[in-house]
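For reference, the structure I am asking about is given below.
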Amino acid sequence: MNYLENKVEDVQIAYIGGGSRGWAWGLMSDLASEPSLSGTVRLYDIDMHAAQTNEIIGNKLNELENIQSHWNYTAISSLKEALTGADFVVISILPGTFKEMYSDVHTPEKYGIYQAVGDTVGPGGYIRALRTIPMYEEIALAIKAYSPDAWVINYTNPMSVCVKTLYKVFPEIKAFGCCHEVFGTQKLLASMVKEVTGTENVSRTDIKINVLGINHFTWITEASYKGKDLFPMYESFVNQFYETGFQEDEKDHWMNNSFESAQRVKFDLFKRFGVIAAAGDRHLAEAVNGKWYLKDPETVAEWKFGLTTVDWRINDLNSRLERGTRLANGEETFELKETGEEGVLQIKALLGLTDLVTNVNIPNTGQIPNLPLGTIVETNALFRKDRVEPIMAGNIPNPIYGMVATHVSNQETIVEAGLSGNKKLAFSAFINDPLVTLPYAEAEALFEEMLNNTRKYLQKNFK
Amino acid sequence: MNYLENKVEDVQIAYIGGGSRGWAWGLMSDLASEPSLSGTVRLYDIDMHAAQTNEIIGNKLNELENIQSHWNYTAISSLKEALTGADFVVISILPGTFKEMYSDVHTPEKYGIYQAVGDTVGPGGYIRALRTIPMYEEIALAIKAYSPDAWVINYTNPMSVCVKTLYKVFPEIKAFGCCHEVFGTQKLLASMVKEVTGTENVSRTDIKINVLGINHFTWITEASYKGKDLFPMYESFVNQFYETGFQEDEKDHWMNNSFESAQRVKFDLFKRFGVIAAAGDRHLAEAVNGKWYLKDPETVAEWKFGLTTVDWRINDLNSRLERGTRLANGEETFELKETGEEGVLQIKALLGLTDLVTNVNIPNTGQIPNLPLGTIVETNALFRKDRVEPIMAGNIPNPIYGMVATHVSNQETIVEAGLSGNKKLAFSAFINDPLVTLPYAEAEALFEEMLNNTRKYLQKNFK
Amino acid sequence: MNYLENKVEDVQIAYIGGGSRGWAWGLMSDLASEPSLSGTVRLYDIDMHAAQTNEIIGNKLNELENIQSHWNYTAISSLKEALTGADFVVISILPGTFKEMYSDVHTPEKYGIYQAVGDTVGPGGYIRALRTIPMYEEIALAIKAYSPDAWVINYTNPMSVCVKTLYKVFPEIKAFGCCHEVFGTQKLLASMVKEVTGTENVSRTDIKINVLGINHFTWITEASYKGKDLFPMYESFVNQFYETGFQEDEKDHWMNNSFESAQRVKFDLFKRFGVIAAAGDRHLAEAVNGKWYLKDPETVAEWKFGLTTVDWRINDLNSRLERGTRLANGEETFELKETGEEGVLQIKALLGLTDLVTNVNIPNTGQIPNLPLGTIVETNALFRKDRVEPIMAGNIPNPIYGMVATHVSNQETIVEAGLSGNKKLAFSAFINDPLVTLPYAEAEALFEEMLNNTRKYLQKNFK
Amino acid sequence: MNYLENKVEDVQIAYIGGGSRGWAWGLMSDLASEPSLSGTVRLYDIDMHAAQTNEIIGNKLNELENIQSHWNYTAISSLKEALTGADFVVISILPGTFKEMYSDVHTPEKYGIYQAVGDTVGPGGYIRALRTIPMYEEIALAIKAYSPDAWVINYTNPMSVCVKTLYKVFPEIKAFGCCHEVFGTQKLLASMVKEVTGTENVSRTDIKINVLGINHFTWITEASYKGKDLFPMYESFVNQFYETGFQEDEKDHWMNNSFESAQRVKFDLFKRFGVIAAAGDRHLAEAVNGKWYLKDPETVAEWKFGLTTVDWRINDLNSRLERGTRLANGEETFELKETGEEGVLQIKALLGLTDLVTNVNIPNTGQIPNLPLGTIVETNALFRKDRVEPIMAGNIPNPIYGMVATHVSNQETIVEAGLSGNKKLAFSAFINDPLVTLPYAEAEALFEEMLNNTRKYLQKNFK
């Protein structure tokens, strides 16, 4: 890297999963829009063809007029080569294929267990974890060997499990996980301010929050907008929209989009516990008692959120594959568009070019005093030159502490089980998930069936 | 008190709930059998007549030939007088009457929620807590005023809530809670050793354990008998008796006695999590996912434990009342009988006459590092002259950590709510109990109904 | 307060010690320069005349042309009235008079103990603490009674002791302590960057640091300027200037100004321990082994810092008194001048008008994991709407941990002793200070003599 | 091992430093006196001849009439062979020779620094540590390789450094350190009880204490004898004997024996801080401010303890060597004599044959909450089957906390420096010791001279 006045050139970014259709394009857009950085993105993917397509797409950006900086993209076929000399490592992969994801999401339905996403907790989340952990073990060992000083940014789910695995395998790693779910809740609060006060142009980043918890099960305990406490406003807002739910416009209506919701789960949790849940309803519903929001499809419909089917995901990928082809062969022109992600801002801050306060997933060193040290938690942190300094977020408030601790405990267990290949230990977490209310024998049958469907990705000595 | 050579005379014990038919007689028996102590027991009870009856019964013991020491019993009508000058305070009360207990246990059944005891967690446990907390607030204030240096031994349930209230109201109190549920599991392990190895005379106190958790939801992570690790033996034992359950003899068969069980819940939890649950099955079943063992009466029967009805309790009390009358008027002679409780041994140790290691409920000062400081936890402790020194028990193992944390969190919440009279806060714990899988509106209706049934005992400003 | 668009009107500030000649004028200047705030400053002082003089001076500012906002100043004779309705409370007092300070600083010289300031640690610091604690107890009780929700900013020394007393007496207080000593070290680093690289206009606030420790004994473990790590540069810089010391210009030469130094103590500590001490040399010298830098006046001269005599302070005050008269009667016109203090910025941030990261003295909730919880520590914090959120600073590095812990321990002891009036306990801290290398009897004689000189300010029951 | 009824046969003990003249003979005596254990002691020593001599001496014990059990002794020349299959490992070595110890103790005298022992802290302690750490690294690696499940008992000084090194190199090791210094203070308290009350036969083990701190700098915060609090008695006792000191009889008079003292240091520390220091005066004097008790030989004489010269140690060893020859060739008959050490009792307890509460040096897992986790601390622990469970000892009381923390910090530093060979880091601890009040340059010169004298034992890459 070369430091010039307020600018850093020749930044080396290794992108693991660099063949991605979606996240990779977003990063390209954000990098091209940032004047203070330039350098090279090394695209590594087990699908080399996909990486090469993205190399073409990425380099085409340099032809655009409205870019603020130039970046080189290069597909690289070896992890070693991609990592050596990297200043930053971005990880965004799909662990396994849609076939395994199909089993994660839909096999439990045979036992009456419904999941809205199936990638974080619940039966699907744990099996996905067991598949992902060996991949992250390999990545962590490679980083240890080839780029031990690089900053590592993870986007893959299950987030906490991925980040924990990195730290367990290579404790000195400088890794953190990023997720935009909290931003979504900040946006909801911004919409509320508009709705209630009529103020225009309420920016997400003006919604100041204290956030704490674990990824996809995060909670806001303080929120303000230009000095105004938003909790009393939220209480009225929840009461007003509790039955109907709240949605700004129809295009993203929950019935039309399996990622949307009417926020009813979030509102119900606020009525129960008095704190603002800060993730999408689909994730929240999975993290709590299975009888509350995911009892059966009718209950889900009442709560006005969608179950994300894997068929939907397959269709969605197909459109993105087609778009990738068009972008690569020039049929479609890349349009720069702010993603709302903060990866590039984080890189700037870690290079010392700016200060940044944002939420991030890292090991607990005390920022949440009532969770065990070492747990991967999500709170605000201050990003500065080569440092991510957590901001003290306070205790997880009672009584949600137990719900959070349950997932913390299960995630710690599944990482240990995934690394050591201890099936019995893995099962003890699986059977303890709030969605798994099955008797011992049925839980065991489900577990075995799901394991079989993902067997080839498990730790070699898994038994 | 007077210290003689290996003996202490004139020990003053205040017994709150001293009209008790049961615990009080047990204490009388244990005191009379202990040669190194003598003194006075001041019987305080809101039912003065009951205390006076026990005064008569207690003083009659001094006529027995086989007693080892003399104790004076005196009924006292004022808490102030009972406490002033006391060296030890024993608290063993029934919070409210069987009428309120009837509501605790049976009202939730209308909503499909079954409880085996209803005095610790679950809807019954929380409502009972809200009733008990103001009583313990009053007791703590009286101790602070009249006997701040006395050691306070609590036997009342909900144990953790009672002890927490004492410490919250009077942080310098020297209080701890005693419970024999762990002893029961030690006895099961002793029976196992007999069953498996044929050894006779295996004593409970020779089963050395490391125990940790919260009252009625305690876990054994290490167990040995004369240097032999008992975990491998227990694993085989569980597998052998998993379906049938294990009971030593018919007289205490679970079908005939609502306090007994065939240990099937304990065995199932071991298969799930690999640690030995150390409380009666009735308590354990209530502390976990309500669908596992308490789904409906048929499920309960399959798991071979009994639901303790309040009708049974009323009948049982009637027999004890009659016995009390007979003991007082001399129709029946008091027989000394070791209770197996350790209260008197603890008193001896606190007076410096012996060392004692036993399990006890006290605030967490780090003996369980992954539970919040101040939580009332149950672990081993070393009793010595004027000190109860907790022994480091280690972390609650994953994955049961989340289940324990859930109750820790709810109990902290309920104590805060009970003291401050914050109904909304109380409800947030109630609705978060694993047995309460109801939608918001139904949970609220149940909560209101149960509150109404116990309203006169609630904190004055409860709203 | 009234929130307008990006501005808050009618902010109420209570200034305890509002008769101050120095700090008060600085605050007036900073407030007048800040366009987003306006309101009233209530000047409370035990010297009512001084407060009235400042009322006149403060209100005259509104006649200046270059002010950005209007503030009303009003002298108030009762603490109750000054506090009631206050949004912020500023405390900046002189505990006792120069007579007592004379004894703090100079009595120990009779026993061969030299102090450079005598207001934080050392014999002088502890006696000053015993005098100050009862005053802060009174202030804390008044805040609890009259303005429990106000933010309290302390500037008085001994800083840690004052802030600790506030929290001990009123645990829910929202107080923090501000000190510019760390800024001084940032300025030194900025000067270094200029000196070494020739860069002009290096701003203190561009020197990004991680700072941790206790007030006047704070340490920098990370420092960067525009992404450049400053530690290697500082190592060379220290080696270059170790013998000569470093000073930018002659006007502030250490020989001419008892507040200045040539940074030799700071350089020597860096050579010993490899971290950057972040306070003035005068304070640092007092906090460590008394034989290192304060053995005798010759040693002090070699280390090139000054002993701040009380005579100097008296002369200095006289000039300021004269200036006050001139300002009040119009002989001298007040000139707005940025103080470099951050009090007004902190107020803005606490009102939600901006985010601010700066160093601050507050109770340890884990931001320094290897110091006890509750200790008053100095680290960075994020200031936001109604919150001061500490940033995790990491452990005090070995081997300076012991030196810091010694003062932490002594300060905790002296606060407890000062509040309870326990002379024996106070002496146990006094005799444990690194400057007090006296035998028991001599230490006792010194302690008694110093106590006598400040007796009327001690806790009433002090014995 | 074979478990019989209340007896364990074929216990395998590896003794590293098994050629010792002193400790080894004591262990032989204690083992022969314990009826419930028998087995083999493998004597390993870099001086094979010494080990062989002890093999002869040990096996001769089996000819004695009054032994309670038979033990085989066998000298083994390889660490691997000695450890493989061992159930227990005892480590008691002399790190280096008297030549290096001479430098440790006497070189600092040239700089005006006097040490009474020089094996724990002070310049001598740190240099000895740097010499010992590589030896313990080797031992830890061998235990990891050949006997990872064995319990390891360390007797070598510097105790904390040795035990820390074992855990740092092999974190799963089951090691603890034993030291009889605390017993000495219990004996002093027993003597006091005899002296004051006239009671005969006051046993050390009847003096119940709460002890906490680090080895050779341990403190008693609670002490009782048969239920009687000993602190008030100690306060009077200290006042009575403060000037004269206290010694039971002349044979062990401090002037005649460099291990004895008149307890004046202990008494002075009690007057200063109100807690009972629980180590010999020689160790205590070294751990605190160098000007208090070790200013010069005259000061030492006033405080009535001896400086243990290395010449004395050489003479003492010569007598023991001669005695060893006599024991081996039968000129002298071995006499069984209780050593007062508890090693054999600890082994019994770890085998599950008994419960034992005693003081021990192990990593802090929270037993002393205000010292960092992982620090090697000394507190009581409960020994049971295959477990050493620390008993919560509470915080190091203010104001001694800082003194203890200083050594904790230095010892952590020296272990890190010793393992990594980081000379600069080692010096930062050396220069921070309370005895080293030297300017930077003089401290550096002393450090270099002492390092040179022990250079061949340092970590290979030490620089």
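To keep things simple, chains are lettered A, B, C and D as they appear, and every chain counts its residues starting from 1.
We take it that contacts are C-beta pairs under 8 Å (C-beta built on N, C-alpha and C of every residue); 3 or more make two chains touch, one makes a residue touch a chain.
Chain identities (UniProt): A, B, C, D = Alpha-galactosidase.
What you see is a predicted model; the values in this text were computed from it and never measured.
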Each chain counted as touching chain A and chain D at once: B, C
Common touching chains of chain D and chain C: none
Label of the chain whose CA centroid is most distant from the centroid of chain A: D
Superposition rotation for chain A onto chain C, Cα-based, multiple of 5°: 180
Same-residue or different-residue interface between chain A and chain B, half as cut-off: same
Averaged-CA centre spacing for the pair chain D and chain B, given as whole angstrom: 44
Mean-CA-position distance for chain C and chain B (Å): 53
Chain B residues counted as touching two or more neighbouring chains: 369
Chain contact topology (line, ring, star, complete or other): ring
Chain-chain contacts as defined at top: A-B, A-C, B-D, C-D
Residues of chain C touching chain D in the complex: 268, 271-274, 289, 291-292, 369-370, 372, 395, 398-403, 405-410, 412-413, 416, 424, 428-429, 431-432, 434, 437, 439-440
Touching residues on chain B, where the partner in the complex is chain D: 3, 6, 8, 208, 210, 222, 224, 226-229, 351-353, 355, 357, 365-367, 369, 380, 382, 384-387, 389-394
